[in-house]
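Chain IDs A, B, C, D and E follow the sequence of writing; residue 1 opens each chain.
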Amino acid sequence: MKVKKKSWYLTIGGILTACMLAFTATGLFWTPYSPTAMSAPDRNAPPSAAHPFGCDQLGRDVLSRTLEGAGSTLTIALAVLVVGAVCGLVIGALCGYYGGVADALIMRLCDAVAAFPSVLLALVVLALTGPGKYNVIGALGVLFIPSFARLVRGEFLKYRDRDFVQSARLMGVSQLRIIFIHILPNIWPVLLSGLTIGFNNAVLAEASMSYLGIGVNATEPSLGYMLKDAQGVLFTLPWCTIFPALAAILLILGVGLLGEGIRERMGGTAA
Amino acid sequence: MMLDVQELSVAFTDRQEPFTAVDKFSLQMDRGEIVGIVGESGSGKSMTAHALMGLIPRSRAAVTGRALFEGVDLLPLPREALRQYQGRDLSIIFQEPMTSLNPTMRIGKQVEEALFIHGKLSPGERKAKALAAMELAGLPDPEGLYRQYPHQLSGGMRQRVMIAAALVLRPRLLIADEPTTALDVTIQAQILDTLKDINRQEGTAILFISHDLGVVKALCSRVVVMKQGRIVETGPAEQVFHHPREDYTKLLIASRPSRKKLRGGGEHE
Amino acid sequence: TGDTQTTLDPTEGVSGSGSEPTATAQSGELPKGNSVTVGIAQDLSNLDPQLAATAGIREVLFNIFEGLVKASPDGSVIPAVASDYELSKDGKTYTFTLREGVTFHDGKPVTAEDVIYSLERCAGSENEGTPLISAFSNVSKISAPDEAHVVIELAEPSLEFLYSLTAAIIPKDSGPTITDTMIGTGPFRFVSYAPQDNLVMEKYDGYWNQEKAAKLDKVTFKIITDTNALVIGLKGGTLDLVLHLPNTLENEVKDEFTVLQDTMKLVQALYLNNAVEPFNNELVRQAMYYAINVDEIIQFVCDGAGVATGTSMYPAQSRYFLPELADNYQQDVEKAKELLAQAGYPDGFSMTITAPSNYTQHMDAAQVIIEQLKAVGITAELIPVEWQSWVDDVYRGRNYQSTVCAIAADDMTAREMLVRYMSDNRKNFIAFQDEEFDQVLTQALASLDEEEQTTLYKRAEEILNEKAASLWIQDMCELAVMNPDLEGFTFYCTYVLDMSTIGYKQ
Amino acid sequence: MSEPIVHIARLNSWYGRGKGRKQVLRDVSLKLAPGEVLGVVGESGSGKSTLAKCVLGMVTDITGTLEVNSPRPQMVFQDPYGSLNPAKTVGWILEEPLRTAGVKDKGERRQRVRDFLPLVGLEEEHLARRPAQLSGGQRQRVAIAAALIQGSRLIVLDEPVSALDVTLQAQILRLLADLKEELGLSYLFISHDLAVVYQLCDRVAVMTGGEIVEEGDVDEIYDHPRHAYTKKLLAASLALD
Amino acid sequence: MGKALLKRLALLLGTLLLVSVLAFTAFSVIPGDPTQAVLGMEATDQQIAAFRAKHGLDLPVWERYGRWLSAFVRGDFGQSFKYDKPVAELVISQIQVTLMLATVSFALILAISLPLGLIAARRPGGIVDRAVTVLTQVTMSVPNFIMGIGLMFVFALVLKWFRPEYVSLEQGLGPHLAFLVYPALAIALPKSAMTVKLLRGSILGELDQDYIRTAYSKGNSRGSALRRHVLRNAMIPVVTFLAMAIGDIMAGSIVVEQVFGIPGLGRMLISSIGNRDYPVVQAIVVLLAAVVVGCNFLADLLYRVMDPRIERT
């Protein structure tokens, strides 16, 4: 008999994520209207059968924009996360494991990056590489590195002198293998939380950037940009905020719960 | 009767195939009795001990049967009720002193924790009692150790810390899971004397799990022999050691290490 | 107004509403002790009244400082520190008669010395000769024949120099400390300023014109950069007056507040860089003008409340404004395509629109335009940029294809709206080159006859329209929202927020 | 006599830093020849585990001579649970030494692990478990297997059989003896169980208070203890027997 | 110890230097300079040239940096172009406000996240846990400007608990704090949500450890085992996060500052970047870097105190 406990987080998170992915995928191929098409009579139209999510101040169909926006947002968030998490992971792991002068120096560098105003960084990137959303995403990714690096480094500090690591060293396991194969799986629980938080922040980062006047994106909608755009009509056209916000929240929620479920699965066996 | 265990079973459910670690374990103990459990490694001795203490999470394993402590079945008790027994009436010395201590809590705090939970002593009184218990467990320089962390201690010292923590509140039933494995013989002898004293003076019943048959023989009045989750033989110590009935028991007794040399594949028996 | 060689009546040009003096205000009965908090979305920074770089600062400082003349609601100027002036026939010499009884906020009377000091400072006396106000580069001499008169001589004749004399008169030698002391002659005196937080001013009891003395005892300008926060401030009762709200918020506030609508006195357009392909081709520009639908843009961006301009002149300049120009390019996709084909772009082309990302209305307009241009095969990409980068790259660097922004006149003159498109003008950021236009304007600038000048200006406007120098859209609409207990708000057609006329209803 | 595999002379070691710096080993000297088993017995807290860790280069704050002439000496830690990676299965843990020893073929590794299991009394079903799902003795056996499977010439065993029942103890001791004979391994064997030490070891060192107070042939020391502590130890041991 | 401290200090100074160099170079890379902000976009070339000459803006970057640095180390932070005031004077009040806001926010984060994290981890997978998990997940995904406006709307307009008007310290410490609670809440809510998530995950990891079983065997209730035993061990990764959060709060609360109309460092930083008012930016950036480095240093120390197994260096 197989005893497989049902995980609530895994189930709900999985379903939500699947739904949101399906939603996003739909947006790639089909939207009820063109996301940029404007229709004067539909300006400020509240949700209706024709426009389930209503229309914005430019008469664009919010559903279509949300559909497409979810796609951009997902790419942006993933790109930022990949840059930030992968670099942060490697840096944090090496620093935490080896320690020493290099660690101290690199951590100070991380401090420097963390203290560097993100807006300034974005402006520099824009100035150097010209406009383009992926350039700013790169910049955002860099900003995510220090936090990941610190988190991972802390965990590595904790594990690097444990007996099982020592015994791996005695065996002659290579340092890199110790870091990534022996220690890394132990820090998954913390890393998973960090990743879901990172995903969350990545989704929001672009919205904050837009709010501060450094547009990441303009014609092709993203959820963050839509939220920023609807900022001035928060109270008059609430649907322009509610639906993209809901999409973002569900996306983040799904990923978050899924992460929780995965963590639970892995944690459950290691007891 | 102090402890009446009836058909206690522990079945792990957290893996693909359910696994019965303890199968219908039954045992009766009176006040002041010392019962030894010996047996194969992996035969379920520790799990029995944990189950009696109510320490096996329901999510991980199914614990069935009855474990009556002075007439109260401990197994179905809710946490709140159970914890009135834990640490006060029942206490346990874990087999793994290395991981069973909180790595970030000072030794002293860990030793006196049961006092903190179950009593209303002042910090000073608690410390005095803790130091006394540490002394009793044969720890050198308790004052110095009081402020240390577990990782700064040797294996044997940690084991004695566990013992001190279990004894600090003078439980009525002490479950000791291989309490002396990491101790050198002189200290082992001292600890065994301490256990005997407590048993004699305060009537503490002791469930003593060990591989060391010599120790069991010296300490226990009754012995339970376990193999693969089941009790294979039980009876007064004298009888079990001198007139074992089961083959496994005989094997155990025969395998006791002695001053015999193991040379070049030389057969042991 | 603006009649040469005549004396100006100090009361002329003041709007009728709330102009009767209400000296009997009883502060005890009034809510909040007869004080008002105004929400402003722009930070006040360098408070030097003669430098006043932004319209936002000028609006506030209008209440504290005065020039020889000051702005009146209709866009003309009225005497202030001067009671009277004369302009010589050659248009080069202004002679001002100083008003008696004008005092600074520290109680000292204004003297000719103060005036000369102030004007010289504007001309650059404390800035190594570089004028603080560019119009003062035309000044050749400033003198005081007697205590009551100040004479300004110009290098070139100018009727419009008068408008520059709204420059603040400050006490002699106070230049280096003026941002701390803030002593002027206006109806309010400065109390305190906390960067990014607020600026407080109180009624100045010794104001020279008691008929127009402030009705309020205290005004606090509260700096709140978030639009929603401004609305919440209004609704929460902490703000009594907010200016420059986008009119899309009208529904949000119209039930609870007095809402006043105004134009922004600027021209929003899709400005085309006439120096680059394909916008150097007049046909292309015209085709694009036919391709877009200005009314629709206004509909989208300003809820239809903006005024189409058709050229670089905003309607508040009623004397010069030609409303009919707005009708010249009615959307006509066929015609646009035809023109494009003629120009050699039968299949359209791709272009970029660079827009300052902090201006929602420009961003919105750009997006509408992009949609409209699609119909004629033009694909435009929107590049949002940060404001300073826009100024540097687009406006000053002219390194762009097209941009949506709004151009206002620095000194609120009609001339300023047109002269910038002369071929070699420094501000001609669209690089418009047209001989006729240059010629017409040169003539207009030299003219001392206002009728003739007006006609020439109008011709210039027509040229901008005919040549489709850029795709002129609208003067946008904005709101002033006021606590319903208040009255007396006056719109000026320049950047002025006159707090002296505002008071609580009796 | 060939070159010793472990040569220690006047070794001192410390834990901690600054004010908390505490000396643990004092002038410890010993030699371990190839194919020899050196038992270390002594007081709890006397520095046996520390000595073992020194031999393996895990304690850095030391003075004196320390030479180890064996590549990759292995160790069975006193705390087997801590030395097993909690995130991995037993199968993986046992394969890892083979992997680093260069056994590329997955099938071969598996087979060798499977072959090794019965030697330490483990079963195949344990391979899929994680250390946390094993009993104390089972963990200890996994640790022993992991140390032995690579075939290193020097193995340090810190209380390797303390958690095992007597039959298993006997089995493991025999395994150790066999491997030693077959492969010429050397052991540094730390234990409290004097009988076990007697069975396996050629020589024995007695430690107390961070010093080696007596060292010599097993029979000689057991029969003619000279130091007071050794005498006490033997007496206590006999009393329990 | 003294030597280690000196080394630390050297590293700190190095970091500050690095940040200031980076910020300075950034200004030479991005378009725009302070002239526009001060003189307006219509300033004449002559005006601009005069301004640039007057303020040394026409010098090469490294020379300007040298000047700035030598003045800075002498305690002269320069003059703001835009505000025409000494930077020190300009920034000092903002620092006070921001510090106050950060303190209140941080206190709120701790007050919210620790109990919630513990409650959630009490019965993993239980109703409470699920509710807390979903709630935190949703809370942290609300963009900060919506959070800010939302809180304003609810507390100022609907509940009328406070007037949506900034109250400065001069108006009294009590009212000042009473006002700051709301913006601090806007900052703290998402951060608390993240902290809860991390803490909960970390706690669940610890719950599998043997020492928890020991704790129960002594009669600890679930709660007291969590509080007394797990929390300290579980806080270790969280400390890192919280340390970073302080820096974040100091510099990154711009949006909340804007929404609540608070004259804080973040807003000053952003508007100064916008104005290319680099003396102000430099001062703030160096200050923030000091805070970030300081917090992380503290976190490192705390880290070693909390986990005695980590070698102290």
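Quick note on the criterion: a residue touches a chain if its C-beta (ideal position, glycine included) is under 8 Å from a C-beta of that chain, and two chains touch if they have at least 3 such contacts.
Note that this is a predicted model, so its numbers are computed, not measured.
Engineer: Could you work out which chain's C-alpha centre is the most distant one from the centre of chain B?
Structural biologist: C
Engineer: Could you see whether C-E or A-E has the larger number of C-beta contact pairs?
Structural biologist: Result of the comparison of C-E and A-E: A-E.
Engineer: Would you kindly say which chain has the C-alpha centre located farthest from the C-alpha centre of chain D?
Structural biologist: The chain lying farthest from chain D is C.
Engineer: Based on Cα centres, what is the most central chain?
Structural biologist: Closest chain centre to the overall C-alpha centroid: E.
Engineer: Between chain A and chain C, what's the gap in Å when you average each chain's C-alpha atoms?
Structural biologist: Computed from C-alpha means, the inter-chain centre distance equals 44 Å.
Engineer: Which whole number of Å gives the spacing of the CA centres of chain C and chain D?
Structural biologist: Roughly 88 Å separates the two chain centres.
Engineer: Would you mind pulling out the distance in Å between where the CA atoms of chain A average out and where those of chain D do?
Structural biologist: It comes to 48 Å between the two C-alpha centres.
Engineer: By residue number and range, which residues of chain E touch two or more other chains?
Structural biologist: In chain E, the residues touching two or more other chains are 30-31, 145, 149, 153, 208, 210, 274, 307, 309, 311.
Engineer: By residue number and range, which residues of chain A touch two or more other chains?
Structural biologist: 123, 126-127, 213, 231, 234-235, 269-271
Engineer: Quick one: which residues in chain D touch 2 or more of the other chains?
Structural biologist: 79, 81-82, 132-133
Engineer: List the residues on chain E that touch chain A in their complex, please.
Structural biologist: 11-12, 14-15, 18-19, 22-23, 26, 29-31, 124-125, 130, 133-134, 137-138, 140-146, 149, 153, 194, 197-198, 200-202, 204-205, 208, 236-237, 239-241, 243-244, 247, 251-252, 254-255, 269-270, 273-274, 281, 285, 288-289, 291-293, 296, 303, 307, 309-311, 313
Engineer: Mind pulling up the chain C residues that touch chain E in the complex?
Structural biologist: 37, 43, 45-48, 51, 53-54, 127-132, 134, 137, 179, 194-197, 222-226, 228-229, 232-233, 235-238, 386-389, 391-393, 395-397, 410, 426-427
Engineer: Quick one: in the complex, what on chain E touches chain C?
Structural biologist: 30-33, 36-47, 49-51, 53-54, 82-85, 90, 93-94, 145, 148-149, 152-153, 156-157, 160, 163-166, 168, 258-261, 263, 267-268, 271, 274-276
Engineer: Given the complex with chain D, which residues does chain A contribute to the contact?
Structural biologist: 162-164, 166-168, 170-174, 177, 182, 185-186, 188, 266, 269-271
Engineer: In the complex of these two chains, what residues of chain D are touching chain B?
Structural biologist: The contact residues of chain D facing chain B are 15-16, 41-50, 78-79, 81-82, 121, 128-129, 133-138, 140-141, 158-159, 162-170, 173-174, 177-178, 181, 192-196, 198-200, 222, 232-233, 236-237, 239-241.
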